[in-house]
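Each in structure tokens, the structures are laid out below.
Shared between the two complexes below is subunit A, which has subunit B as its partner in the first and subunit C in the second.
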Partner chain A sequence: MSEEKRAREETSRDTADHCIACTCCIANCPVTEATKEFAGPKLVGPAHSRMTFAEGDVEKTLDYCSNCKNCEITCPSGVAVATMNMLQRGEYYRHHKHSQRDDMLAHGERMGKLVRALPLGATFANLGMKIGQALGMFSAVGITNKRDMPAYAPQSFMERFLHIKQKPSDKKVVFFPGCYINQNDPEVGVAFVEVMQKNGYEVLVDEAFVCCGSPMVVTGYLDEAHDHAHTNVERILDWKKKGIPVVACCTSCSLMLKAEYHELFGEKEMHEAAENVYDAFEFLEGLMEKGELLEAFKPVDGKYAYHSPCHLRAQGIGLPALEILNKIPGYQIENLAAGCCGLSGNYGFKADKYEVSMKVGEKLFKRVEELAPDKVVCDCGTCRMQIAHGTKKPVCHPIQILAKAYK
Partner chain B sequence: MEKATVVVVGGGATGVGILRDLAMRGADVLLIEKGDLVNGASSRYHGLLHSGGRYAVKDQEAAKECIEENTILRKIGHSCVEPIGGMFVRLKSDPEAYEADWVEGCRTSGIEATPLTLEEAFRMEPRLSKNVVSAYAVPDAAIDGFRMSCQNVLSAAKYGGRTKTYTELVKIYQKNGEVTGIRVRNTLTGEEYDIECSILVNAAGGWCEKVAQLAGLNVPVQPDKGTLIAFNQRLANHVVNRLHKSSDGDIFVPHGSITILGTTSMSIDDPEDTSTHPDEVEKLLSIGAETFEDLRSYRILRVFAGSRPLYKQPGAEGRGASRGFVILDHAEEGLAGMMTIVGGKFTTYRLMAERITDMICEKLSIHEKCRTAEEPLVEEVSTEAKARAKKYFPSFGLELAATRLGPEAFDRVTKVLAENPEKRELICECENITRAEFEEVAGREECHIINDIRRRTRLGMGTCQGNFCAIRAAGAFYETGKLEAKDSLAQLKGFLQGRWKGIEPILMGRNVRETEMTRALYELSFNIDGGKLE
Partner chain C sequence: MKEREVVVIGGGFSGLMAAIRSARAGKRTALLQYGSGAFPLNSGLIDILGYDREKNEVKNPLEAIKNLPKKHPYHRIGEAAVRSSADFFLKLMEEQGFPYEGSVTAHRHVATAIGTWKPSSLVPASMDLPDLKGKRIIVVDVKGLKDFDGKMAAANLTERVDSVVESTRIELEPVEGRDITLLSCARFMENGGWQKAVEALRPLDAEDVIFLFPQVLGIQGNNVYRALSKALKGSVVETTGMPPSANGMRLRDVLLRAAWSAGVEIVENAHVIGAETEGKTCKYIRVQAGVHEQHYSAERFILATGGFYSGGLYMEDLQKPREVVFDLPVSFDKSHWTDKDFFAEQGFMLTGIATDESLRPVDAMGTVVLDNVRIVGRNLDGYDFCREHSGNGVALSSAYKAATF
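Moving on, here comes the complex of A and B:
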């Protein structure tokens, strides 16, 4: 078998053999830097993978891996370190019971559906969460009460979308909103539709899409995430057949759809589906390269700072949002380049990980403080939450800036 | 003057086997070894505990011995044998006629060879070439040569058997046609002294000829070099043998965290010659890739070589030469008390020891029967002790440490780990060795250099080949007080040099990157070669 063919057929677990123990992953692991409790990516992933012959065991500190993927971004040998950790975590929970906390943190989508089914559900749910926090109900199950749970928007994106009047077009994209934009931050989705309309695209949605599965993977609900992957991949392939790309504004969702499905579950269809999925700014940058992006921007005032999410950097597509925003006349935005924010999806919501999460974010918070921007711009919803929590600065998605520049 | 009734020369498998057997039967016995235990052929081999399948056609007697000893070692060697089972696979290109002979050979030798469907074979060994046309399961196993020998020595010590490593035989004293004693040299200090003995057993393997020469005797031994490749991971779940006439590069043994592929066969002049060459690597890889087609994409850790001590019979060389063993009583040549045992296989070391021990005991009028086939080499660490220790050991590290250390040392290490959390630090990350275990082993009388600790723990034998543990080991060894600060650099360099020896012939692909990292760490950052500032 040729080297190339083998590389294609290699599973994430197989990549452990490429490790030369150079330790770059440890040097760039934000969790290892924040706490001595974590044995570090090299040991937990590739090193232990050689030792499983000795006994059935699990790394005691596996729980500390936040799946931020900086190990994989850094690894000069192409080892799927974080993916191996998530596979181990999934394997662990095949034989161990999940906590109520993990169940709650992994299944935001289920909770969201419940909330939407009730009249004034969002209002009461938000109130309930405040009361719950105050009464220590979250800490009782192991969720930190030191930060707010994400509040539900009065109307979900999917509800809002029904009322958006679009100019029909032959050029179409399917929007994958993801749980956070749909339930908590629908403005981002609305801005996305506006931007695409300006560029002559009609935005479709697909009711059959389900949560990408990222919160499940990180809490060890691997089989459930696998089911979600099947559902979404089938839909993506269907859109692919029609020649309509699927676009996401959440970089963790897009990483999941584009790369993690295939890395975790290794099915050929997942790889094929991935070719039809784009991060929103990756898609827009593609348009720009073809000269098809509407570049008639109105100036946008203010001083902005940009945080690039780890899951965007893991996609290896550069920082397309920054490229495009820099085209806006007079727009001042600086790349914070301060590493991981520390929240990592639901990681920083866990009571026992809150301190680690805030410690990881320290560098970023400090950089924000130094730059003193009016607003922090970031493609990832959970990063935005962490930045708002750690710096008290207003935050937004870059698509919202672009929508503003088109007004 | 120091005294022992019997002195055994050579700390290989045969020597430690004799030591244990004699000690168990109550003889006053001392083993001397010029280096560390098993630094010759007994550790420089596959790590295969033969089922005998390999000899089923050519040498039925050897095949029978193998399966009997295999069964015994599985029983007595729980802490050094991995009973993983083996497989013989015939490829499309291998002659079909041999298969029938082999099946018949296994049957008559008493080796259980169970035919496997191809589906079963591929399920058991997913990486196997699709050119496999037939497969059989056999009771092969993996055996750790380091541990086996240490455990023999430990067991012998319980019965009063003594061992001196780094002790070289320099002279044999004889009087009136009888051995009266020997002169030895401590190879670390250079100090020489005499030991009185009445029986001298030459079990020096490839060095038997040289030892015999000291007594003016001639024991022609042909060292036959075999080169082997160690891969970074377990490529197979079982021992995988080619079902054809025994040849080079046709056995894979998954062994601990690695897989060993071998071997070649080449007559050499000097048993000390353990050099390897890229051509040998290439040869092994191209043959090995017939069984595992992706072989070249797996990472090689290192290459090593050892020489089989073949007793020279006229006209037979290499694979044609006998793999059987010979016992020579030199009384017949006029030197009473001197015996030589040479040849044989690792798998049959215990049997060889039993045979010569029977002869020695007759001379000494000892009537005790051999018990080495019944009594386990070492006691096992109890389930309760492991359960208590679990939380202090690194993940995946408990069972390995338990089999390496044995009950008493395991308890001591557990206590240290429990009381001093900082001793849970991993000195060797690739093979999971804690500082507590390192210190326990480093503190033993027989550990003089870092490589002695390596052989007893697997320190530095994993993925990074010493890059990260060499510096820690040198520091930790110094801290035990056994090493002076001024010597720690030389120890560090010696250890790294040993690692480099195995890497040099495979300096390609990822290994180049790793080696450059070694150089960057040790030569640039630490400047261990000590440049001068102008």
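Moving on, here comes the complex of A and C:
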């Protein structure tokens, strides 16, 4: 690693000195609660990271941190606990070999591209995953066979987008779909386009965008994530010059683009680019505050529950989806407020983390059971997967509710 | 611009109380948090005033307020608000299924983790001691728990009470992986582990026994306390504990739920970095939400960001302490910053924001600086809560008064 690169990573690391050992992070870390194997956020982050960076000493339970960010949300002193953990993990894998499992989990985008290049690729890939699961092929490499791998949609969002006829407008946004919406849940992206069109916006896409890098950061492919950051930041800055904001529906993608890039890599351009990125409902709430949001909603029937993703809570913007959905006349939605779902991106797909992941999610599953909603609404794709897996309830993104209210 | 009626800055005990009362008064209330408040360091006991100037325990806290120095915040808050705030709190806790006992005119005595007494005014049911007459105390030690020494607690208690005091050691959580702490043990008890405690204590159980537990009776509400009390013939009581305080976490959990059900909008990780004022009015506050700045306007802003420890007050060079949101004048005595006597009143603790009787910030001349801002809790000047044991009392009563409309 170059000296320059090392210097950049100092910023988040230096926040270790702000730690006053108040124990807020320990009290609120869902992984610490779920397993006694994890030494805890304070010890692994601000306390031990000094040893990692100074002497290459590795805290062996670092592997348990899921980067859910509850430590950072609850820290009153601005210590970048989870970020420090991800920097340590990145440093570790600069000197150690990755497993095949981590390679697969970090590079869903690469796999998705292969699948889309083949005729009927999605169908065969889904079938292949089912067979693979049944034959124990995933567990052989350390991926749990207790949950389904996310299935590929018949057509990716980018493929579907080509066929969406939009009313052109001077008001434009660029949509950053992210891997999950693009490959697995394109309906969310389609609903986003519908909602923006109703509000007089034309939605653009950018073929040059790559995976935000979140799955790489958590599996310790830090330098590769850094390359992805450069690619995306260059594109975002280009859109910024044209005065067109970049909007994401996935809260882990938006957190990555808005905050984690510059927190992890400390480059000025990343901060500048971040200013041009919005979470979808943050953007819509901004319109609402200016009186520019179309509020002619039709009633939406049913009983709904809302789960706030940790990576949204970390953004400091409150729960804008709830603020807007509550404007739909008679709409029934209750905030579950039951903490982390436990999946944390690819964390809960690892065979050795599956139990921890399900234990973390227990409170949320129980709360869903108590409220017995028809559907659970959540901005994050992986949270939705975990909720569906843990409760068997149907799930959707809040933008899909809004699109319905506009019909 | 986000338009709210009340914006509370800070999610500690005083911030949450102010937000709950504002929302219950029908105000559209937002609570902005940066961090989760100092609850893991908060005993969750409501001390109104433990000790007087001579370090003697006071008999009647409400009466004793009269003898406090003129600058003390209780004089601005007023006796009536102290009394009503306690009633408000007791009623709220009862409603939430986490009842407290006590009054502002007398002390109850709670057992500490080292087996001494601590005076307090409002005490959660699990820490409230029954009459000791004719009772034996059995201190319950837990194998592997490093935050509590049952033998030491029993020895110290023996010096303080007429009753027989013994200790016993039981096995709860398996000793593996990380150290056993009050927090992990409390969670173990909550997830069914309390039954293991009942089995272990059954041979010692009798009507005349008080089982004195370390603070491990769960971290949500008081289900563990109720279950143990039902299963055992003896009384069940908890001591105070080490950080992270299980009872502080219970209090936070209960208050968060009360805030949600009252309709408080809670914004996490919202770093308030400044305010826009016009004359004596705050127009809006500026929130650093990641890279974007968001603005919140309100009819009333309640400042509950805490003192130096919580980042509400800040000082770099021992010359000029700063209040970080409104840049309010900070009252402090440069000549009395610290005292050599560790247990004496410390100047840095007295440092804070001076206010008028409505808790609006004032300058050195006593002139109100901002009309629509109220100061609560540790942001207030003129009291050393560590020395006199008044932290949650000032937090509660000032929050109550600031959220009176």
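Simple rule for what comes next: the second predicted complex is superposed on the first by the 390 of 407 C-alpha atoms of A that agree within 3 Å, B and C clash if a C-alpha of one lies under 4 Å from a C-alpha of the other, contacts with A are read in each partner's own complex, and residues count from 1 in each chain.
Keep in mind that, in the parts below, contacts are C-beta pairs under 8 Å (C-beta built on N, C-alpha and C of every residue); 3 or more make two chains touch, one makes a residue touch a chain.
Worth saying up front: this structure is predicted, and the values here are computed from it rather than measured.
Chemist: Using the superposition on chain A described above, determine whether A:A314 touches subunit B (first), subunit C (second), both, or neither.
Modeler: second
Chemist: Tell me the contact category for A:K240 with respect to subunit B and subunit C: first, second, both or neither.
Modeler: So A:K240 meets neither subunit B nor subunit C here.
Chemist: On subunit A, which partner touches more residues: subunit B or subunit C?
Modeler: Greater contact footprint in residues on subunit A: C.
Chemist: Look at A:H230 in the shared chain and tell me whether it touches subunit B only, subunit C only, both, or neither; answer first, second, both or neither.
Modeler: neither
Chemist: Touching A:K359, do we find subunit B (first), subunit C (second), both, or neither?
Modeler: After superposition on chain A, A:K359 lies in contact with neither partner.
Chemist: Please work out whether A:K258 is in contact with subunit B alone, subunit C alone, both, or neither, and reply first, second, both or neither.
Modeler: second
Chemist: Go through the superposed model and pick first if A:C24 touches only subunit B, second if only subunit C, both, or neither.
Modeler: Second partner only.
Chemist: Check whether A:E72 is in contact with subunit B, with subunit C, with both or with neither, and answer first, second, both or neither.
Modeler: second
Chemist: Does the superposition put A:K42 against subunit B (first), subunit C (second), both, or neither?
Modeler: In the superposition, A:K42 contacts subunit B only.
Chemist: Once the complexes are superposed, what residues of subunit A are shared between the subunit B interface and the subunit C interface?
Modeler: 20, 22-23, 39, 76-77
Chemist: So in the complex, which bits of subunit A are touching subunit C?
Modeler: 20, 22-24, 26-28, 33, 35-40, 72-78, 255, 258-259, 262, 271, 274-275, 277-278, 282, 289, 313-319, 323, 335, 337
Chemist: Would you mind writing out the residues of subunit B in touch with subunit A in their complex?
Modeler: Listed in rising order, the residues of subunit B that touch subunit A are 232-234, 254, 256-258, 293-294, 296-299, 394-400, 426, 429-432, 462-464, 467-468, 510, 513-514, 517.
Chemist: Help me check something: in the complex, which residues belonging to subunit C touch subunit A?
Modeler: Interface residues on the subunit C side: 1-2, 30, 34-41, 176-178, 183-184, 187, 243-244, 249, 256, 260, 265-271, 287-292, 294, 306, 309-311.
Chemist: Given the complex with subunit B, which residues does subunit A contribute to the contact?
Modeler: On the subunit A side, the touching residues are 1, 3, 6, 16-23, 39, 42-43, 46-55, 57-60, 76-77.
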